[in-house]
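In what follows, chain A forms one complex with chain B and a second complex with chain C.
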Partner chain A sequence: MSNGPSLGVFKFASCDGCQLSLLDCEDEILAVAKAVRIANFPEASRAVVEGPYDVALVEGSVTTAHDLQRLLRVRQESRVLVTIGACATAGGIQALRNAADVAEYTRVVYAHPEYINTLERSTPIAEHVKVDYELRGCPVNKRQLLDVLLALLHGRKPDIHPHPVCVECKMAGTTCVLVANGTPCLGPVTHAGCGALCPSYARGCFGCYGPAEDARVGALAGPLAASGAKPDELVRLYSTFNVAAPAFQEGQRLAREGGASK
Partner chain B sequence: MSEARTIKVDYLARVEGEGALTVVVKDGVAQDVRLSIFEPPRFYEGFLRGRGFREVPDITARICGICPVAYQMSSCQAMEDALGWVVPEPLQRLRRLLYCGEWIESHALHMFMLHAPDFLGVQDVVALAELHPEWVKAALHIKKTGNELMRIVGGREIHPINVRVGGFYRAPRKAELAALLPDLESSLQEAQAALPWLATFDYPELERDWELVTLKHPEEYPFCRGNIVSSHGIDVPFSGFPDHFEERHMAHSNALHAVVKARGHYHTGPMARFNLCFDTLGEAAKASAAQVGLTVPCMNPFKSLLVRGVELIQALDEAVRIVADYRPPSEPFVEGPVHAGTGHGASEAPRGMLYHRYTIDDAGLITDAVIVPPTAQNQGTIEDDLRALAPQLATLPLEDATWRAEQAVRNYDPCISCATHFLKLRFEEAS
Partner chain C sequence: MNGDAVLELTGLDALIAALIARGYRVIGPRVQDGAIVLDELQHAADLPVGVKDEQSPGRYRLAPRSDNAHFGYVVGPHAYKRVFHVPVETLFRVRRDGRGFEVTETPVDARPVALFGARACDVAATTVQDRVLAEGAHPDPRYVARRKDAFVVAVACNEPGATCFCASMNTGPRPADGFDLSLTELLPEPGVPHRFYVEVGTERGRAVLDEVAHALPSDEDRRRARALADAAVASMDKHLETRHLRDLLIDNPEHPRWRAVAERCITCTSCTLVCPTCFCSSMDDVTSLEGEAERVRRWDSCFTRSYSYMHGGPARPSVEARYRHWLTHKLAGWIDQFGSSGCVGCGRCITWCPAGIDLTEEVAAIRADVKAARGASKEA
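Coming up: the complex of A and B.
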């Protein structure tokens, strides 16, 4: 077993996809296991070493009172806490409940709503505890995940850029789908990291990585409206895996108003 | 009177998602078995109401990071059924290729990284790599090949972005796929070589008499097409699902239990497909099964490891053939008029059948959504297997009994995130 820093991977409400990204590093996973001591990673191992941990990777959002208590313990036991993915950084798609009647949802999905314990809101990790690094995306990019682990091992800053997807599109030489085809695209306001995938597959960005730093959703409102998309379609475009991120909330508000002024 | 025994697993490892197990055994008989799923509920069926029909493949993919393609395939099919859109054969082949990628990736992950360690008494794949570095290296290469296939066809491995109702946003170029052919061929050879090694493991004795449920198609091993059939006589199109199956809500679980209305628990997944659809396996998969003495019927749940190995060969073999014959389709997708309707979709996720049903209005907005994932269907059957295992669990040392019970759960490659859209293992001996 490695004598390196200890790593814990913790799951809250999520699809498992972000921690799977670590197991998807087929060329690197055995080297990672030599460099760090995988102390608590239930998806991959039965062996659990009690904390404290040097690094905690936290996936998922907080949706139950029990999970909130569990999160507080993870924070207490961990020197560096890194949130991975849109659920942990923005509340995930399950934050769609935040604007809805949860009792109604429970009735729709479950025959015996009285068996279900859940909080009214799905909230990001940073709303409850101090977070040292955030890694965006639905799912995270495994290269970025490896880089964060490497950076922490070597005591350097992770090489993660805060610019929008637009920059990645230009670097890839992809034709702008919004300008050339009138396809609604959130690339100008969405955090980079995916490599501008969707435009390279002839579709608009739908905001998996959440808002870029200083996302100018106001400046994008005009071109989005001019694309011919209806206001309710634009509201839904901003209402997916990062629905609760403040800049995307603003985008939803502007889309609604655009509808009202017509 | 014998002493009662408490075996507890509070947080089941090497599965996707959060669950616990409680088994109470007394005098060799299971008094109580509960697979509890404490993964928090996420209410997909609730918030899908009011969304546009085009959004379902992207949204429902997020139910599961391990089998997003299954969600994309079943949801697209259901919408196409509601709208009466017919997806032509070349696009169906491309869907099958993408699904092969998910089967290869998911089966390689489960077989070698999550399940095989149980048979060799090691905690995880890292420890397995110290014992058998050559097999772990081969497994990682196979897994990577599956992921590469998903990346090329789907745009990325987890939550692909290239799937749409009616087909794909962009068809892959011939050269993109052809570049992967050598890796697909070498992965097929590695999977063929690995199966006899897996067959040398000790498989605990257990014979079951499940009702098996799977899609079945006259000409192809089931992925996306066919009828829903059971070993006990069900044979209906997708739209017949609600007539024969229902979901029940149990107090100990955030996942709904699906049952056959007339009979109760049933088994879906690789064992069901292998037993009911053996004839449609390709020659390569049949030859490998014969080589390790795997024949129909095979009703020992622990041998699901070998059955997955046969399916891994099938998926690689099919992928090789589809890629070799691939010519880009004339259009990457089809479209037609949008109108109100109800549609059913079903496909075979690596861990079992996944059923979707949607009703949409004239604007194409969803008014009702029903999603029945494989682990919700298998949850009752997993508990039944543990009851059948009780005599073994009573005689083994406590630590070994706990491990054996966990292994029995892992036979199903359970995906708990899916099932709550859904696991915790606690093991008690009655006093």
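Coming up: the complex of A and C.
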């Protein structure tokens, strides 16, 4: 077993997809296991070592009072805490409830709603504890995940660029789908990191990495409306995995207003 | 100039073949994903034959032409900086060797390229980038290695696009220099087949042309080429007044127009990354599990907040500051720094801005306002 820094992987409200990205690093995973001491990673091993941990990867959002207690403990036990994925960084798709009546949702979905004990809102990890680094995406990019681990191992800053997806499209030579095809695209306001995956398949970016550093949704509202997309389509475009991110909330509001003004 | 010639339509394919036979990677326009981009060419048939592009601020569409023109379009989203100032590259690798570390430069892919069908604005842009990256006090050896033997087959624009303003920047639409060969497409006329009027720019160009069947041009061929160039200038609707432009921008850093344009700017960086002369880059240091490290250079943009980030925060936190910085550098500071404007009038930043911001309009608005204010103060 490695004598390297200890790693814990913790899950809150999420689908497990982000932590599985670590297991998806097939070519590197053995080397990673040699470099770090995997102390707590239930998706990978039943052997659990008690904290403290040098690095905690935290997936998922806070949706129950119990989650919150557990999160406070993870933070206390971890030297560096890295949130991974849109659930952890923005509240995830489950934050659609934030603008709805949770009791009503519970009644509609569950046969026995009385067993459900949940909070009104799904909230990002950073709303409750200090987060050292955030990895965006639904799911996270495994290269970025690996880079963060390597950066922490070598004591350097991770290369997480907060600029928009447009930078990645232009570097890849991908033609702008908004300008050349009128496809609604959130790339201009979305955080880079995916390598501009969707536009490279001639699809508009649907913002799964959440808001970029500036996220000028107000300036993008006109071009999105000019693409011919209907206001409710634009509201939906902003209402996916990062629905609760403040800049995307603003995008939804502007799209609705655009509909109202028509 | 080293003379002229005419090339029949079939000569285009022969010209590409001759360049490939000489070992060039031929890079030229091709249709891909709804746009005309730059990619490797094998045959003349790879060109966007019978295709035109319709461009306006924030909008680009391809459409069929009614003729068989091989160059009946203008510039697309790619510029030659993709070839010489590549989007991303590893500069060197570092390996620990017990006592210290060993640095190994990564090799440069310096296979010579031939730019085929390069527009006058893009030939001029390459010259502008040369001044910055190859001819300054600190040349970039990787850029120089890729650029130094490049062969240029330029082509005159007979039909400028709606966002083109090269005539204002004195770079086109007919290539004046910087090429080995320059073509003007002469579409078929009764009794005269589809052909290309060729101007020879260099001895090397002459040598390549001599490997391809060609003929002496008639006076009519020459006249048509000149007339097309004149008509192209006349048909260019967009203009940028360059008189005292440097001082106009340097003297008006607080003009309210900067704030107005900043409200429309998404800070998406598209203008800078499609610009054929913008050269900014950042470095990323990457490490491997084995403890090796790499230094990677990648394109960056002055429109990102992080680009100007230093200890304590970004130097240009406001969008207003970033737009002003870009335009003032491009049209004014560049002249002080590198001896020419940084703008060649290709119009890419206008077409590919999702918000359709048009720098010629921004400059015109500041100029009109300053002129009006000056007039008012004279009256008073």
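Here is the rule we use: the second predicted complex is superposed on the first by the 262 of 262 C-alpha atoms of A that agree within 3 Å, B and C clash if a C-alpha of one lies under 4 Å from a C-alpha of the other, contacts with A are read in each partner's own complex, and residues count from 1 in each chain.
By definition in this document, a contact is a pair of C-beta atoms (placed from the backbone, for glycine too) under 8 Å apart; a residue touches a chain by one contact, two chains touch by 3 or more.
If you're wondering where the values come from, they're calculated on a predicted model, not measured in any experiment.
Student: When the two structures are superposed on chain A, do chain B and chain C clash or fit side by side?
Tutor: fit
Student: After lining up the shared chain so the two structures overlap, which partner does A:D214 touch, if you call chain B first and chain C second: first, second, both or neither?
Tutor: second
Student: Would you sort A:D16 into first (chain B), second (chain C), both or neither based on which partner it touches?
Tutor: First partner only, chain B.
Student: First (chain B), second (chain C), both or neither: which does A:D147 touch?
Tutor: In the superposed model, A:D147 contacts chain C only, not chain B.
Student: With both complexes superposed on chain A, which partner does A:T118 reach: first (chain B), second (chain C), both or neither?
Tutor: The answer is first: A:T118 touches chain B but not chain C.
Student: Counting only touches as set out at the top, which of chain B and chain C does A:P223 meet: first, second, both, neither?
Tutor: second
Student: Which partner does A:T174 reach: the first (chain B), the second (chain C), both, or neither?
Tutor: second
Student: For A:A202, is the partner it touches chain B (first), chain C (second), both, or none of the two (neither)?
Tutor: After superposition on chain A, A:A202 lies in contact with both partners, chain B and chain C.
Student: Output check: A:V80 vs chain B and chain C. Expected answer is one of first, second, both, neither. What do you get?
Tutor: Neither partner.
Student: Once the two structures sit on chain A together, report how near the CA atoms of chain B get to those of chain C, whole Å.
Tutor: 11
Student: Across the two complexes, what residues of chain A are contacted by chain B and by chain C?
Tutor: Residues 202 of chain A touch both chain B and chain C.
Student: Once bound in the complex, which stretches of chain B touch chain A?
Tutor: Listed in rising order, the residues of chain B that touch chain A are 11-18, 38-47, 49, 51-52, 55, 58-59, 62-66, 68, 109, 113-114, 117, 123-126, 129, 136, 140-141, 143-144, 147, 155-159, 161-162, 164, 169-170, 247-251, 254, 256, 403, 406, 415, 417, 421.
Student: For the complex, which residues does chain C have touching chain A?
Tutor: So the residues of chain C in touch with chain A come to 32-35, 37, 58-61, 76-78, 82, 87-88, 263-270, 273-274, 284-291, 293, 298-301, 304-307, 319, 351-356.
Student: If you look only at chain A, which of its residues touch chain C in the complex?
Tutor: 28, 31-32, 34-35, 147, 150-151, 153-154, 156, 159, 161-164, 166-167, 170-176, 178-182, 187-189, 202, 213-214, 216, 218-220, 222-223, 226
Student: Sort out for me which residues of chain A touch chain B in the complex.
Tutor: Chain A reaches chain B through residues 11-18, 20-21, 23-24, 26-27, 29-30, 33, 38, 42-48, 63-64, 66-67, 92-94, 96-97, 100, 102, 104-106, 108-112, 115-116, 118, 138-139, 194, 197-198, 200-203, 206, 208, 233, 236, 240-241.
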